[in-house]
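Two complexes follow with chain A in common, the first pairing it with chain B and the second with chain C.
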Partner chain A sequence: MSQDVPDVPTAQTRHPSAIAPVGLLVLVLLPLLLMPLAAIFIFAFEGGFSTFITALKSPDAIFALRFSLFIAFSTAAVNAVLGTFAAYVLSKYRFPGEKPLGIVVNLPVAIPTVVVGTSLLLLWGPIGLLGIFLGKFGLEPMFTPFGVLLAHLFVTFPYMLGSVKPVLDELEATYEEAAYTMGASRWQTFRYVILPALRGGLFTGTLLTFAHSLGEFGATVLVSGNLRLRTQTAPLYIFAQFEAGNVANANAVAAVLAVLSFVIFFFLLQYTGGQGRRA
Partner chain B sequence: MLISRSSGLLPRLRSALPLIVFGLLALFAVGPWITPHSGSTAPRTIVLYGFSILGEVMNEGVFPAFRDEWRERTGEQVELISSFAGSGTVTNQLIMGVPAHIVLLALEPDAWRLADAGLTQHRSWRNLPYGGVVNRSPFVIFVRQGNPGGISDFKDLTRPGIGIIHPDPMTSGGANWAVVAEYGAARRQDPLNPEAGYQMLLGIWKNIVALSASARGARTEFEQGFGDALITYEQEAVRDKARGRFKLEVVYPRSTILSEHTVVVVDRNIAPGERELVDAFANFLWSEKAQRIFVKYGFRSVDESLNLENPDFGKIPDPFLIEDLGGWSVARSEIIDGVWKNRVLKELKR
Partner chain C sequence: MAIVLDRLSKSFGAQNIVDQVSLEIARGELFVLLGASGSGKSTILRLIAGLTQPTGGRIILNGRDVTALPPQQRGTGFVFQNYSIFRHMSVADNIEFGMMVQKVPKPEREDKRDELLDLVGLTGLGDRYANQLSGGQQQRVALARALAYEPNVLLLDEPFGALDVKIRERLRRTLKEIQGRLGITTILVTHDQEEALNVADRIGIIEHGHLLEVDRPEALYARPRSLFAATFLGTGTVLVGRALGGRAQFGDFSLPIPEEMPITEGSRALVLFRPEQVVLSSEKPDSDLPVIGRGTIIGQNFAGAARRLQLRLPRLKSTRQIAPPLPFGEEGLLVEAVVPAEVGLDGKDIWVGLRGWHILNHPKPRLLLYDAGAGPAATLNIGKHLMDRVNASATVLGVTDESEAGLDLIAALRSQKEVDLSRAVKCLRYGRPAEQIACEYAEALYEMVVVAVDYQHKTERDRLGETVHGVLAMTNAAVLVVKKEPEKYRRMLICTATGEAGKNNVRVGGRLARRLGIPSTLLHVASGSDSATRSALNHLHLASATLRAMDVSNNIHIRPAKNPVAGILAEAREGEYDLVVVGSHGPGSRPPFALEETTLRVLAEAAQPVLVVPAEEV
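And now, the complex of A and B:
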């Protein structure tokens, strides 16, 4: 911080009336973002710390959190590879149909998650287009953890792509060309030249994927069957408990999810902040 | 910053922090798979789907009781896995293929839909005890403490200015019962007026301020402070009264319906090896032990003598059943579709 001090006065002279806009922003954010978040924690601890712990200790709650984390890790791992591959292909190759493909891979951002869930059911479900055939082999991907994973892969696909592709696009082609002239194969070039440059993009992309998977609701509620101790994720648990009137249970898990997202966001800020300072 | 950037430990700890945090989270996530299981063999599983208000009584009461009984009888461990939502939602989930062995529906027409989709034989549930009806609950009105609106019967809900919370008949079985209760009560109290039922429904639906996907959802919404009155199962009140956490008041209408909840064994999802266990569980639901648990949790037993055990059951001067309206096939086409959907909703342009 000490080296920043000389900048402060100039910043202030440039924006003499910062108090009014900042105050207004905080005033808007307070009921919009901050107070609802605070309410979760206030209600979660309403009955004291011990009720909070008891609520978290129920097998259903533990399973839901565990299952959500498991799915989030799996989603992040699979999409880290798939997303990077998609980004690489879209960034390095020129081919007919490149534009439409670029739109298709980004589509999940715009599609409502409930629609994603419905479409997965209509494809893979027991009465779905492919599901009918799979059923004959005893394969039923929907209403299993695998179905949840499929939904999360779909919904979070663009986040990895969005974090990695811009870095790839800006990467100077000269490094790659140098590698090729030195006799490196495509894989070696990717492994030793491109991948190290992607570290930041991979990190933010994976975190974003993880965070979105952790909070996914719309698609999950349709494809999971919402079975406790089997396919109920933490957000589904929160909704089920809230609907059942067990607001304390819902809030306890909601508070944990909120803390997790704070942590993820903190890491993201740290990383992007660090990048900024070095640049 | 006090510690300079080049000094070793703190920055290194900082950059390792994400790794540590996510490592711990990953460990927590896969914990059960990497810790060795304690000796016993994998339990057999029953998957049950049920309509919303059954969550507590099944998970806390009936499941543990059956688990104990089955262990005593056979020495086997049974695991019961469940999911609860509005009856219509549950039915749709089953038709879409969720792997349920047994399902508890709020009303029989949902069972017809399961049979239509080939999940079980038509009327197969009628071979179960009491024609598949496992318990009942009369439809009552919840109001705020002190009954500020002075509501004493369904007809008071048609007064202008009363805000009503109602479950949605498209997804909730309870909502269908509520519509039939409102309609039936009006017809019974004004038997000479064939339009009494229509007028009652129109008056009530004019006052509806929120629709919820399930009976339980409607009640949670009401408890959050919305509306002046809620039409729902008596069970919701009885259970909470027993635990001393009921903060509303119950109004018993002079005439109202006793809902009947249907058990369906989902034949298509049951492997031959699971049959005996699922049937045993289905029959257990009508055992005296299970029926007593239902009564304790505020449902009225199909065995009337057991209902004396719960002092919180209220008096209803003129109770009626769906049979009195000609059964669900008549009630469905004449009341739900004929009056509610085709006349009331059209009139209100909803």
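And now, the complex of A and C:
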């Protein structure tokens, strides 16, 4: 709508007294957000551009970044399916225990990620309930890429659900019913009617999942065993390099992660902003 | 027959949303289901489309029993009130959707789509999206979409409800035209009587899940069979009088009862006349038109070609007005008339005559009598008395929790030695009495429920027993609670308080008093030191007028007392009353077993039968 309206400055932007609150906000945000972000880049390029490239070119750093991206993609892909399914079930069906289930699926947001890591270890680890059983077949999911994926799925699950379910909730029931009366099967209805309507939610959910997976630390550090060149994600690499005193190495990867996050965030804002304009 | 519904039913728990609806609709017919919201009309449509599963009955479309088929295989076109246009698809894709999933080849699809866009008047708008269309245009798309795959029947659920009047009218015409051209069997659901009269080949009137009447619009308007149809479709005046000597008597004027009308001598007779059937003149008409009386114009609405007048006439003896409903405190008779706009009439002393009317076949008032089987037969005796006196029909309900005891109970109900209730329907249910009474009431809508105080199960603390409490808590019926039966019915005590709740006591109590032919006393208890307040006096004055309009003679009594309960009980003890009427709150505002304290105490302590009237109109 606002597209059609010529750009007239609104009363609020012209208001002179806006200077004080805006200035105060920036002042507060400076040490909290803006300066730390700047610090990453300043330190990453402290030793010059070549040092930065060298730091990034170490096999450990390359592996960590690639592994992180791989896990983030996988997590986003699996959760897109799983989260949509969960959202569909929770939104369309009324059943006893619906409320508790709704809370349980959102719980991962509330639980500290370290606790998530611990609980996964206690279940899937070598001495865990499922772990002992799987061990008999020679399967050890913990301290492997699969374990990392598991942890990331757990932690990011609510983001996909949270972006898709509200869209589904808003779709009138008659939407599906209209398709049924026209002869569309359940699958056809989902494929041609529901799914296209979910595009926006899926996109947002995927980006959120991807971003969170990229930065996940607490659960990953426990579940992965932090094995370099095997299960070490970028955040773990940064932490390990810091601990070892290689600040330059840590900063280089941190800068790359930050840029990636900015790009994702940019798309996210673009999309949600665009939606707001269309509505 | 294109659509046959055979005893179609749908219930949720104890609630019957659709109750044994049987209907046959011919090929090419445009049938309108008309009813208020919540009457079950939309549910019938959803049952036909297969979007809801019936709990009983069959649905046959074009000779094929589709009751067990999923919606995909029924071949119905459904148009929803909210349009439900797929927002991410263009208009063209929306229309093609049905054909696409049914694998119609692309070129054929496009031809059909263009043809339909033409038909609904949206040529050239195929590339638009829903958010680029107006409400009326969206509904046209929905119509085209529902017609695209050539369904057997077209079902429209309040299709024009969300549109403004002008567009609604235009779309109605479009629909009628398209329907006629394609010859597709159509059911349209609406609550808009004007819409129904406008488009329908036939109208079916639905109330509380029952299909009351089916007929052509003209016939339904001119000669409705039920009171509901008479007042729901169009406006008009309905009066209740008495059948005497083959004529319906309304005070001093009478109308002949058609021979085919089965109205027994002495029972109630209803007449309906429409505004356009009322003849007004400033001098006494010398033709032999029946004349109701002379009235005063109290209001006019100018409506272009015609002028609508409201007139007040002096009340007619032994006559009650049902429609239009009289405002509380109105004593006279209110009649609507339509005259050409240019006719000028003086405000006073206008002769009101009838050039046409319709005698209604009104069902008898229905009573639900609960009998515990053993114990005193007080409910049955009162029921019998009411049946004889007011020509009511009654259902005697027995409830038991064991299947074996059921046989004994039904036998006991059949052979009521002391009471002859051969005309009453006997009915047996299993479960807890209060719940089953509430179910029976909800299913068949009785005018009054008669329950006796359960002497076997009452305790010191709870002197009424579980059943009485339960019935009062679970139904919004007028409940007559019986203790011992009065020998005669001489006088009724109506305890009334100010406010909306107090008005209903007067209306419902007055109706019973009128049928019993007894006078009543309106009681107001002035608690504390001061006498009745101004608003209380005003209320009593209006209540008295309301009773007079029902032809119930009455007097007002103001009694000072410590509190309402004490006042009511003292009056009931000292006066010669055989029935007490008190109010209560409806189930909406009363959680189970949380009846108003006053009502409960009067119930527990008064010796007479007590009629408990819910706050809302029943």
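The criterion applied here is as follows: the second predicted complex is superposed on the first by the 264 of 279 C-alpha atoms of A that agree within 3 Å, B and C clash if a C-alpha of one lies under 4 Å from a C-alpha of the other, contacts with A are read in each partner's own complex, and residues count from 1 in each chain.
Keep this in mind: a residue touches a chain if its C-beta (ideal position, glycine included) is under 8 Å from a C-beta of that chain, and two chains touch if they have at least 3 such contacts.
Fair warning: this is a prediction, and the values are worked out from it, not measured in the lab.
Colleague: In the overlaid three-chain picture, which partner chain does A:Tyr175 touch, first (chain B) or second (chain C), both, or neither?
Modeller: Only chain C; A:Tyr175 stays clear of chain B.
Colleague: Once the structures are superposed on A, label A:Val89 by its partner contacts, choosing first (chain B), second (chain C), both or neither.
Modeller: A:Val89 contacts neither chain B nor chain C.
Colleague: Once the structures are superposed on A, label A:Ala248 by its partner contacts, choosing first (chain B), second (chain C), both or neither.
Modeller: neither
Colleague: Give one of first, second, both or neither to describe whether A:Leu56 is in contact with chain B, with chain C, with both, or with none.
Modeller: Once the two structures are laid over each other on A, A:Leu56 reaches no partner at all.
Colleague: Output check: A:Leu121 vs chain B and chain C. Expected answer is one of first, second, both, neither. What do you get?
Modeller: The first partner, chain B, only.
Colleague: If you stack the two complexes on chain A, which partner ends up touching A:Leu69: first (chain B), second (chain C), both, or neither?
Modeller: So A:Leu69 only meets chain B here.
Colleague: Looking at chain A, which partner touches more of its residues: chain C or chain B?
Modeller: Counted on chain A, the partner with more touching residues turns out to be B.
Colleague: State whether A:Val263 touches chain B only (first), chain C only (second), both chains, or neither.
Modeller: In the superposed model, A:Val263 contacts chain B only, not chain C.
Colleague: Hey, which residues of chain C end up touching chain A in the complex?
Modeller: 49-51, 70-78, 80, 82, 84, 86-89, 97-98, 100-102, 142, 145-146, 148-149, 151
Colleague: Please give the residue numbers of chain A that touch chain B in the complex, ascending.
Modeller: Going through chain A, the ones touching chain B are 1-2, 65-67, 69-70, 73, 121, 125-127, 131, 140, 142-143, 203, 225-230, 232, 240, 242-245, 247, 260, 263, 267, 270.
Colleague: Residues of chain B touching chain A in their complex?
Modeller: For chain B paired with chain A, touching residues are 1, 14, 17-18, 21, 25-26, 28-32, 47, 52, 55-56, 79, 81-85, 93, 95-99, 214, 216-217, 219-220, 223.
Colleague: Would you mind writing out the residues of chain A in touch with chain C in their complex?
Modeller: 172, 174-175, 177-185, 188, 192-193, 196-197, 199
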